[in-house]
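Note that the chains take the letters A, B, C and D in the order they are written out, and that residue 1 is the start of every chain.
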Amino acid sequence: MSNSIRVAIIGSTGYGGVELIRFLQQHPRAEVVSVISASSSGTPISEGFPHLTDIMVRNLDGVNPEEIAAKAELVFTATPSGVSGKLVPQLLEAGLKVIDLSGDFRLKDRAAYEEWYQHEAPSQELLDEAVYGLSEIYGPDAHDVRLISNPGCYPTATLLGLIPALKAGWIDHRSIIVDAKSGISGAGRKASLGNHFAEVNENFKAYKINRHQHIPEIEQELARIAGEPVTVSFTTHLVPMTRGIMTTMYAGMNGQYTNEDFIQLYREYYNGHPFVRVRGAGTWPATKEVSGSNYCDIGFAADERTGRITVVSVIDNIVKGAAGQAIQNMNLMQGWEENLGLGLTPVYP
Amino acid sequence: MSNSIRVAIIGSTGYGGVELIRFLQQHPRAEVVSVISASSSGTPISEGFPHLTDIMVRNLDGVNPEEIAAKAELVFTATPSGVSGKLVPQLLEAGLKVIDLSGDFRLKDRAAYEEWYQHEAPSQELLDEAVYGLSEIYGPDAHDVRLISNPGCYPTATLLGLIPALKAGWIDHRSIIVDAKSGISGAGRKASLGNHFAEVNENFKAYKINRHQHIPEIEQELARIAGEPVTVSFTTHLVPMTRGIMTTMYAGMNGQYTNEDFIQLYREYYNGHPFVRVRGAGTWPATKEVSGSNYCDIGFAADERTGRITVVSVIDNIVKGAAGQAIQNMNLMQGWEENLGLGLTPVYP
Amino acid sequence: MSNSIRVAIIGSTGYGGVELIRFLQQHPRAEVVSVISASSSGTPISEGFPHLTDIMVRNLDGVNPEEIAAKAELVFTATPSGVSGKLVPQLLEAGLKVIDLSGDFRLKDRAAYEEWYQHEAPSQELLDEAVYGLSEIYGPDAHDVRLISNPGCYPTATLLGLIPALKAGWIDHRSIIVDAKSGISGAGRKASLGNHFAEVNENFKAYKINRHQHIPEIEQELARIAGEPVTVSFTTHLVPMTRGIMTTMYAGMNGQYTNEDFIQLYREYYNGHPFVRVRGAGTWPATKEVSGSNYCDIGFAADERTGRITVVSVIDNIVKGAAGQAIQNMNLMQGWEENLGLGLTPVYP
Amino acid sequence: MSNSIRVAIIGSTGYGGVELIRFLQQHPRAEVVSVISASSSGTPISEGFPHLTDIMVRNLDGVNPEEIAAKAELVFTATPSGVSGKLVPQLLEAGLKVIDLSGDFRLKDRAAYEEWYQHEAPSQELLDEAVYGLSEIYGPDAHDVRLISNPGCYPTATLLGLIPALKAGWIDHRSIIVDAKSGISGAGRKASLGNHFAEVNENFKAYKINRHQHIPEIEQELARIAGEPVTVSFTTHLVPMTRGIMTTMYAGMNGQYTNEDFIQLYREYYNGHPFVRVRGAGTWPATKEVSGSNYCDIGFAADERTGRITVVSVIDNIVKGAAGQAIQNMNLMQGWEENLGLGLTPVYP
């Protein structure tokens, strides 16, 4: 366990990359030694992100694994799906530890990856090696590994909300429905008609119903808990806001459980994990209550009439759903407290 | 069938009331002869609503059934639940036709009303008399009646999205889950911490899970179609936008139906009803696509993997969910075309 | 004076074009016979604008002046600056009347156009022929002409707010400062980082200070009133909203005038023009109060302490600032009432 | 100079109070020992602010100067105007240092206070004692005093943007016009029709033109620099966003200065003050670029044509305009670095 680490960020000009910078600036043991962008190398990072004026006075570097390895010990790859799959092997080869924020190393099944992502999958060897970095669940697996695959934003909110109940056998995995809602930043910084302000504002829309590439990731991880294949209904919606994800989840209960039962079960399950906050009976978290922070807040509505439990789970998609959990994973890799440098209070209002 | 009608609006200073004014100004056969407010009578309506400057130059009147009846033939009661229940009998007594936008005359079962609304219910006689004004379904029942109970906003989007499939026997009514999302205007114009801009903006929240007073209305109407009691899971969420409702609905299918099957079923069912637009395969409506208009747009995602259908239904909560459908019901009462004076194109963007 | 007119719209897939469609659908004397798009011809207009489903069932046509002239009598060119300059002469040649919504025919001085727009200007002959269509000011000039140049959104709000005072000699034209704010739709539908929701939402920014291409248009028109050159300070800002412009204008007063004086002056000046609403003392219009409508609302704050008048003017930039005023100009060309088909009440909230 | 300080916050349930908590949680030398609310004492602070769940596990205390003094050394009074004026003398009497966030101690002239605030002013003695805490300008005056009057949000953005130019004699103080825009949080957490989401969203409005109570504060401070009375035109606008202020300021220049001249002047003036960032030529700051942080960013547009300078100044109204500057003042009182505990990167996007 070393006391500090030098890190680089590839993909620094996306929203995940720039959020890594915001948190790493506060991190007591990590030093950002290189911010990297394939498209904008050579220009000051504050040119595209004026909020970093005087805070990070640094030019963007190009993508060169050897040069990165000469400066840094660990690299965050906030690169698009398809790019990471090709780049990560070179980074590992150069001796770097890697925390990958793309979806390229999350699915263990190459065929599933290729079906959902429509790219060639990375090698089976690397897929097997990559630790799925859902920190509260697989934290111990992250210690001292070379490669962590950071979970997707929707899977993070969904899995943290379902796993304790599924593991306890309280819900029927054949009945799971996930109704997910996300702010726009989840779609990245690249301009498109779909994220044009005038199209998004005062609008609420569904997209990729039962077709989102996070579905196989969710099903893979639920199956791992259930011990058999799991299939879910999954709808994604765009909310006219920048940050935040809520997943509202429905499942049939295998017994007569109350809200208090669920609260107790989850509080015990997440005991010692400061970023999961289980709310009291009769209240549910709102996305703004975790905005800008690494928290995942969870609430319940058990319904006698229908025999179903409704679980509400919220995160900030750029933090717990991306940059924050990546740093949490870095902490776990290094053997540090999982909340080191991540203890920022949500920004409210 | 008369050629024109003189109408009054009680509750003109709420969002439903002021939207009635916007549409009635365009209506070729209706004349607004009195705008009424219990709290602000005597002041010009444009004082609280400056957008009506020069458009409606009229003072607000007080609530006096005899005086209303002296001027008008029909009255819209956009009054709070509990108020309508007491006021409507007096209006009927005075000889007026009434279209009530509160929830007071929607539930046929007095006990259910009192459980969910926590007020005393109106008389059973009036509850029996009131026609539930879901225009596309019960249009013929509306002709020439005295009292129409205008449906709630959530029930309108939900029922129009479920009834054709339920009636055809394609879905299992024990499996229905409704995940509903609404803009803030649905909560009315009264200021509260819950509708404070800084609390709502950049926020997405769930509320009243399985406790919303629109649940018994939805279940009553689904039971009427199913021929036996129906119980649904129902979650309501607040979206940081002013107008619009989406209900995303899930149900197990009683067979292997495709999106095309559903599209054909619904197009046939709603044939001749211009305000329901059934979307093509693979696309789902967004709330902005009906904003400011009386449309209800519906799309489907049938899923072989899970055997479930997902139905997406959107309306403008103030129009098809309140004022617009009320005018549609007025048209039907009078024997006019249901879309008379309602043909405004959605405002986009 | 004919009773009806067949019109075509070039640029139907932009926000100005689609708003022309919304209003023309209601217009009692205009029939849209062709919607035209250089980029999307051959596809249904409802594909890119699903809100038009079942409302306008029509494929987009290509840009062919002869074909347009075979169907239509008048064409709205909602085309980009630079495109209109080349296209309009061909349309006139084909015998069409033209109302141009670009900036290409607004500046009478070719050199000024080329300096501010960085394109070659149209011919001096056409610039001289084009009537500047600020309807309330130059309405009579529009009657029976071939070519109207529709004013810019910022100039419309600015000029309607300043001209009566300037004409009366009440303000010093050397002291005019215009602080303008606009919703995002003014920048058009083309996706860019600058209109990405996550960059615009919860953000307020200034742009093109003293460099906006609407400045020479404003100065040209103010000079026409003042009888000598006028130079203004002009700042444009982006507001995180879709529709609406407010210009807050400051000028030194040439005497001791009160709010009441200004109100009376403006009400007399705009007497008979229903779309300018002069507000009462101590109140100022908000953009939402004209949203979706063709109104321009104006309010005043005369300040004894500083000797300055502050004028607040609001419009919906897509309506009075583009499509609505274009239709108003069509009405004036045809000799019809200026508000024909434009009487929609603002959408509130 | 002590190494740490125990602080209390009165008015913890307002937006200023809760933002003090967010920053003080990160502050290495301050410990929050009491959070106080007149209206909600006895309840957990996380009840009204669930985002503080598990972060601040503490009940709200009542307002009792002796009890506060028994626990704390310094108190922040984030109380309404009128309340502070009465409470602060008692707190000082009890031996506490006070940083007051209301406007009660900002105006040195009791008559001016009573005219603009319509309350009785505090004693002249306390008004004379209170240091006006515009940190970058009067930092040295704050050292070791008992009472600091924290500047208003509009005055902070305005004064930091004007003082260097005024002090240098580059602008004519008779020509100053301030066009200010603010997010809604500036109006506090109390619900009103004016901050109802449906009234604010998609709306931009002007209010209190030349009547805002921050005007005498701005004029007092500008006069202190100019050495003679200063009168400004001042317009305030509400932007549909939660956080952020921009002031766009216009003044006639006393010579031919370029943007580069202004940039150099301001960079020298603010040298050593990390929270003022002077932007490069041709760019202006946007409010989101300082959101959640204590920065004030400034940009310029010098205009040869009109002889005027336009200065754009942005802050986060709750941070640099309230809680952040209050902590900066605490640091200065204590003799610490002014940015201690305040170095959070703006939250973007």
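Going forward, a residue touches a chain if its C-beta (ideal position, glycine included) is under 8 Å from a C-beta of that chain, and two chains touch if they have at least 3 such contacts.
Note that the coordinates shown come from a computational prediction; the quantities given were computed from them, not determined experimentally.
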item	value
Chain pair, B-D or C-D, that carries the greater number of C-beta contacts	C-D
Longest centre-to-centre distance from chain B, chain (CA-based)	D
Inter-chain centre distance, chain B versus chain C - centres from mean C-alpha coordinates, in Å	36
Cα-centroid distance, chain B relative to chain D, in whole angstrom	46
Length of the line joining the C-alpha centres of chain C and chain D, rounded to whole Å	39
Multi-partner residues of chain B (at least 2 other chains)	15, 183, 185, 198, 201-202, 240-243, 285-286, 288, 291, 349
Residues of chain B that touch chain A when the two form their complex	177, 179, 181, 183, 198-199, 201-207, 209-210, 231-233, 235, 237, 239-244, 246, 248, 250, 284-288, 291, 299, 301, 303, 305-306, 308, 310, 312, 314, 349
Of chain C, residues touching chain B in the complex	15, 18, 21-22, 25-26, 49-55, 185, 201-202, 242-243, 274, 277, 279, 283, 285-286, 288-293, 297, 343-349
Sites on chain D touched by chain B in the complex	15, 183-185, 189, 191-193, 195-198, 200-202, 240-242
